[in-house]
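Pasting the structures here.
Here come two complexes built around subunit A, the first alongside subunit B, the second alongside subunit C.
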Partner chain A sequence: MEAVIQYLLTGLSAGSVYGLIALGFYVMWSAAKAVNFTYGEMFMLGGVLTVVLMELGLPLPVAALTAIAAAALAGAVIERVFVRPFNQESNAIGWMLTTIAVGIMIEASTTATYGPLGRPLPSPLAEEPLRIGGSGIYPQELLLPVAAILITLALEFFYRRTVLGRAMRAVSFNRVAAGLVGIDADRITLLAFAMAGALGALAGFLVAPVIQASASMGVIVGLKGFMVAIIAGIANARGVVVVGILYGIAEKLIEGFLSTAARDAIGFTLMILLLLLFPQGLFGRAEVRKV
Partner chain B sequence: MSARIGFLLLAGLAAALAVFPWVGDLIGERFPTSYELRLVMRAMILGIVAIGLNILVGYAGLVSLGQAALYGLGAHVAALLALKAGFPFVPALVLSVLIPAAVGAMLAFPTVRVRGVYLAVITIAFGLVFVNILREWVSFTGGASGLVGIPRPTILGERLGATRSMSFNYYYLIMLFLLASVAVQAALVRSRYGRAMRAAAQSENAARALGINVVAIRTLAFAISAGFAGLGGGLFANLALFVNYETFTFTTSIELLLMVILGGSGTLAGPLVGTTVLFSSTQFLQGLGEWQTFGYGVLLALVLFILPRGIVGSLMRRGGSGETSRATGAWPNWVDGLEPVTARHDDAGQATLAVRGLTLRFGGLTAVNDVTMEVRAGTVHALIGPNGAGKSSLLNVVSGFYPATLGTVTVFGETAGGLPPYVLARRGIARTFQNTELFGQMTVLENVLVGQHPHFRASFLETVLRLPRFRREEREAMAEARRLLQFVGLSAFADDEARNLPFGHQRRLEIARALALRPKLLLLDEPAAGLTHGEIEDLVALIRGLADRGMTIVLVEHHVDMIMAVSDRVTVLDYGEVIADGPPATIQADPRVIEAYFGHATLPAQKVEA
Partner chain C sequence: MSQPILSLSAVRVAYGRIEAVRGVDLAVGRGAFVGIIGSNGAGKTSLMRAISGVVRPAGGTITFDGEDVTGRKSHEMVARGLAMVPEGRMVFSDQSVRDNLMLGAYTRIGRDDAGVADDLEKVLGLFPRLAERIDQVAGTLSGGEQQMLAIARGLLSRPKLLVIDELSLGLAPKILDLLFPVLTALNRDGLSILLVEQMASYALAVTERTYVMENGRVILEGASTDVAVDPRVLDAYLGRRGAA
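On to the complex of A and B.
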């Protein structure tokens, strides 16, 4: 029983990270019907840049904010330079390849300069584990689900209640029509990628004290986040976060009762099966293809 | 690059590869050594894998980022069968093709139904999980130390060696497989399969309307590319006699993709050129040490920015034909031999299409509301109404693109509700689109050939091996496609890319392509929009001519003159409902119709002007 509670708690925290990353994919996809394929690198930048900036002597909040701002900028640059020119036709695949190329460059250059090993990010919330019914968990890990829920609510508020958010939804719904009513769809898309960049970096910063910040920390998490978004249907913020958390918990349970090797194999098979049963995703609606 | 030059270059490559092991004997040097021989063999294997990937990326327009894992799967199937089950070389190699192909189909089917992007995600994930399993399941795969001691392959008792000094017949076996792969690629691309793949990539809707099962063709494309990867893997395992996961990581997947794109995806020679160039430059990239992966990233970005069509694609572009003014033929031109196009039709008087109580809702919006109408065989039935009246929506339900919310559709005496567009197309419903949906990067002739997709009977194997039935069908299809181009007066444009045609010609081509299905029921969605007055007159003659030969035609149109000239019956829709139905003359005088088009006529002082 204790073990199960432990798995649930760590799963909740790992799943929140998937949820946050999936949320970033959702933000990009809604605006552009394309994403930064190696979005996990934004997550990595959040962790690694914070560590590097702190090593340079900046205090934690300043370092974190700078890292998040840098990732937002990187997200915007990637949209402008690598996504937009390669996403002009409806069936374009160029953006997939260009963003992968950028991702490879970011990861490889980080590995070469920062080093292949992870470094700790000190946090007061990751020193003493909390005891909950015999299982231990760092307060930092509990921060992740809180952040995931708050950001989801904030994002929903943004999409529904602010002019900018509504413009973003309009672009997502119909780019051309949004353009006709005076919305600069290109700028909105740029902004969406910047937002996603910041969101990814925030997740990376929050999780770094628990897992250590390394150059390769983003690859797998980014990919799983994308798969989570797909399984959820990339249709709404709540859906992707819920699926993310559930996937995280499922992973920890498999890991705990079977093995680490089984975790990914079973998780992956599960995703394929879900996609087979729900082609539009768990929360997605069958979209009527305009003919 | 014409087929002839391509063939000569290929023959040259084959000769060079065949001579390569003997170069030392000719120039009296110790070259190539076994090491160099193996390098070339590995390059040839990668060439085979790249050819498979090209079919996926270049023709089907899908991306796989886990091709290395399928390559690795083939290698491990061959290695495990030989080591643990004592399989001989040939059956193990066959399975190392078939198993990855089956796995590929399983990965592709759930993903390509929704969006092509999903396949890319699933393949990366597959690649990572694959490597993960190889690394962790030590008892089965040997983990990091891999599988060693794979027995040297034999065929019919003959040992296949790969060393310069002893015997190197395995070199020639790999070379044969490479040449066979080139041949299979060429056969596939110039068949209905290759055309269907390209069609599905360029306009999914048009492909579905022409009887192509898009999910099936994409799944097939991925299974084929996985089969090639598996073949490469099987050959690799029997060359290295050792396999472990390090050869099959994500970096290799990117390398393979880079080979295809660098060489020119969607060209026959591209994968070979790309493999050669990249494989030669790996030596340089390896010198970059920890920056090697970075180098791949830079290279991929550079190719996409500077040479998006790849080396071969860019060379071919440069050699484009000089533009000459060509004569557009008169249309409709009822040439001899067109009879089969209109040969299968319902008996006159029969209801070819019957719609009863049909309702279509999008959320809260009712686009079509309780429509009942009947279209008799061999007639031209016009569907008119103001913008947003639900005409195109109705057409989309009839052709299977939108599922009806309520009501039934009966076509050719059978219920058609819920059937996908490609099934209806095969039954004999052809359509055109309001905004013409051509396969822009295929030639005019190829566009028409795609329309003949459902008529081919030659199996996949017959196609790949270019057996007589395939050749005969291909010849017949080509002849009919040319006749159809003559019919619409586009013979002179047969080899142009469809997107370069002027607008009016695009409309003509779309009609020729729809006719290639040999439909019993032809649905035309605003075919006259954007045409000149003269072109509209020709179109009227064409529609009338088809109906006189037995074809049933449903026409959505705004041009009142045209409707009056061509239709046998007119149904008028307004706000999704039928407000009038009858012969054209009656409709023209119907006050409800006038009201729908021009607004209320309640104020007697206001005169309605036509």
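On to the complex of A and C.
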């Protein structure tokens, strides 16, 4: 029983990371009907840049905010340079190739400069674990679900209640119609990618004290976050976060009761089965393609 | 006569190698109510897409409000005072009627909030059915109500020229009898309107001037009353019945 609680707690935390990453994919997909496959690297930048800036002597909050701002800028640049020119025709797929390639370049150049090993990000919330029953969890790990929930609520508020958010939904719904009411769809898309970049970096920064910040930390997490977004149906913020958390918990249960080696084999199989059963995703609706 | 609000000179629109519009000259005077009629595939919608900046013309010049706007994008055209009600209406069906209307005022929000509030009240006065359904999701509206919403949304940008592409598409005559008088009233209040319409009899009845398009070209233009009795129009578009 204690073990199960432990798995649930760590699963909640790991799953929140997937949820946060999936939220970023959702934000990008909504605006562009394309995503940035370097996205795992935005997550990595959140951790790695914060560590590097702190090593240079900046205090934690300044380092973290700078890293998040840098990732937002990177997200915007990637949209402008590697997504937009390759997403002009409907059903274009060039952006897949370009963003995957750029992701590999970012990871390789980070490995070359930062080194291949992970470094700890010191956090007062990752020193003494909390004891819950017989299980232990760092307060830092509990920050992740809190962040996932707060960001989901913030995004929902943004999409429903703000002019900019409604404009983003309008672009998502029909780019031509959005242009005809005076919305600069290109600018809104750029903004969505910047938002997503910041979101990914925030997740990376929050999780770095627990997993260590390394050049390769984003690759698998980015992929799983994308999977989660697809399984959820990439249609609403709540859905992707819920699926992310559930997937994290499932992983920890498999790890605990079977083995770490079995985790991804079973986890991915589960994802594939779900996609077979729900081609539109668990919370998705039929995607209507506009020409 | 003062300078027209919109004038086109030798405008061409092409999709790849297919030329949909092959050199059109056209003018809409300030405060005028101009119609374009023609059969399906005549190039009317392509021409509207070029005027509103949805597609870049392959050639020719578009002048709006005294400035060359050829190749400007649609969001820039809205800011300059051209609103288009597109074919198929394209309301944001996942958002409420109110949010659709506010999106229509996108270029003015934060700059002219008082004016937007005034105009919102005005358009709801023009279309009371929208007022009744203000908090409904736009996708649940009937076709006619969606057309009202699309027009109202266009008006909220406070345009100098309102372009309407295929007003009647899929709408019952009863709804059209409701919509056309609103356009006439808007025009009487000084709004310039360019109406593209497949239902020639309706367009000829409300507009002052009419252009007839065929195969990407204007084949006839003139006062609507004259166009309505032109033998070619009678044959092709009015079936020799609807002459005024």
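The rule we apply is simple: the second predicted complex is superposed on the first by the 286 of 291 C-alpha atoms of A that agree within 3 Å, B and C clash if a C-alpha of one lies under 4 Å from a C-alpha of the other, contacts with A are read in each partner's own complex, and residues count from 1 in each chain.
The criterion applied here is as follows: contacts are C-beta pairs under 8 Å (C-beta built on N, C-alpha and C of every residue); 3 or more make two chains touch, one makes a residue touch a chain.
Nothing here was measured: the structure is a model prediction, and the numbers come from that model.
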| item | value |
| --- | --- |
| Clash or fit, subunit B versus subunit C on superposed subunit A | clash |
| Contacts of A:91 with subunit B and subunit C, given as first, second, both or neither | first |
| Contacts of A:227 with subunit B and subunit C, given as first, second, both or neither | first |
| Subunit B versus subunit C as contact partner of A:173, first or second or both or neither | second |
| First, second, both or neither for A:181, with subunit B first and subunit C second | second |
| Touched partner set for A:279, first subunit B, second subunit C, both or neither | first |
| Most subunit A residues touched (candidates subunit B, subunit C) | B |
| Which of subunit B and subunit C A:112 touches, first, second, both or neither | first |
| Which of subunit B and subunit C A:162 touches, first, second, both or neither | neither |
| Subunit C region in steric overlap with subunit B, selected from 25-33, 79-87 or 169-177 | 169-177 |
| Overlap of the subunit B and subunit C footprints on subunit A, listed as residue numbers | none |
| List of subunit B residues in touch with subunit A within their complex | 57, 61-63, 65, 106-107, 109-111, 113-114, 116-118, 120-122, 124-126, 128-129, 132-133, 135-137, 201-202, 204-205, 254, 257, 261, 290-294, 296-298, 300-301, 304-305, 308, 362, 392, 396, 401-402, 433 |
| Residue ranges of subunit A in contact with subunit B within the complex | 37, 82, 86, 91, 93-94, 96-98, 100-105, 107-109, 111-112, 220, 223-224, 226-227, 230, 259-261, 264-265, 268, 271-272, 275-276, 279-280, 288-289, 291 |
| Subunit A-facing residues of subunit C, complex | 52-54, 73-75, 78-79, 83-84, 86, 90-95, 99, 102-104, 106-107, 109-110, 153, 157 |
| Sites on subunit A touched by subunit C in the complex | 163, 166-167, 169-170, 173-174, 176-185 |
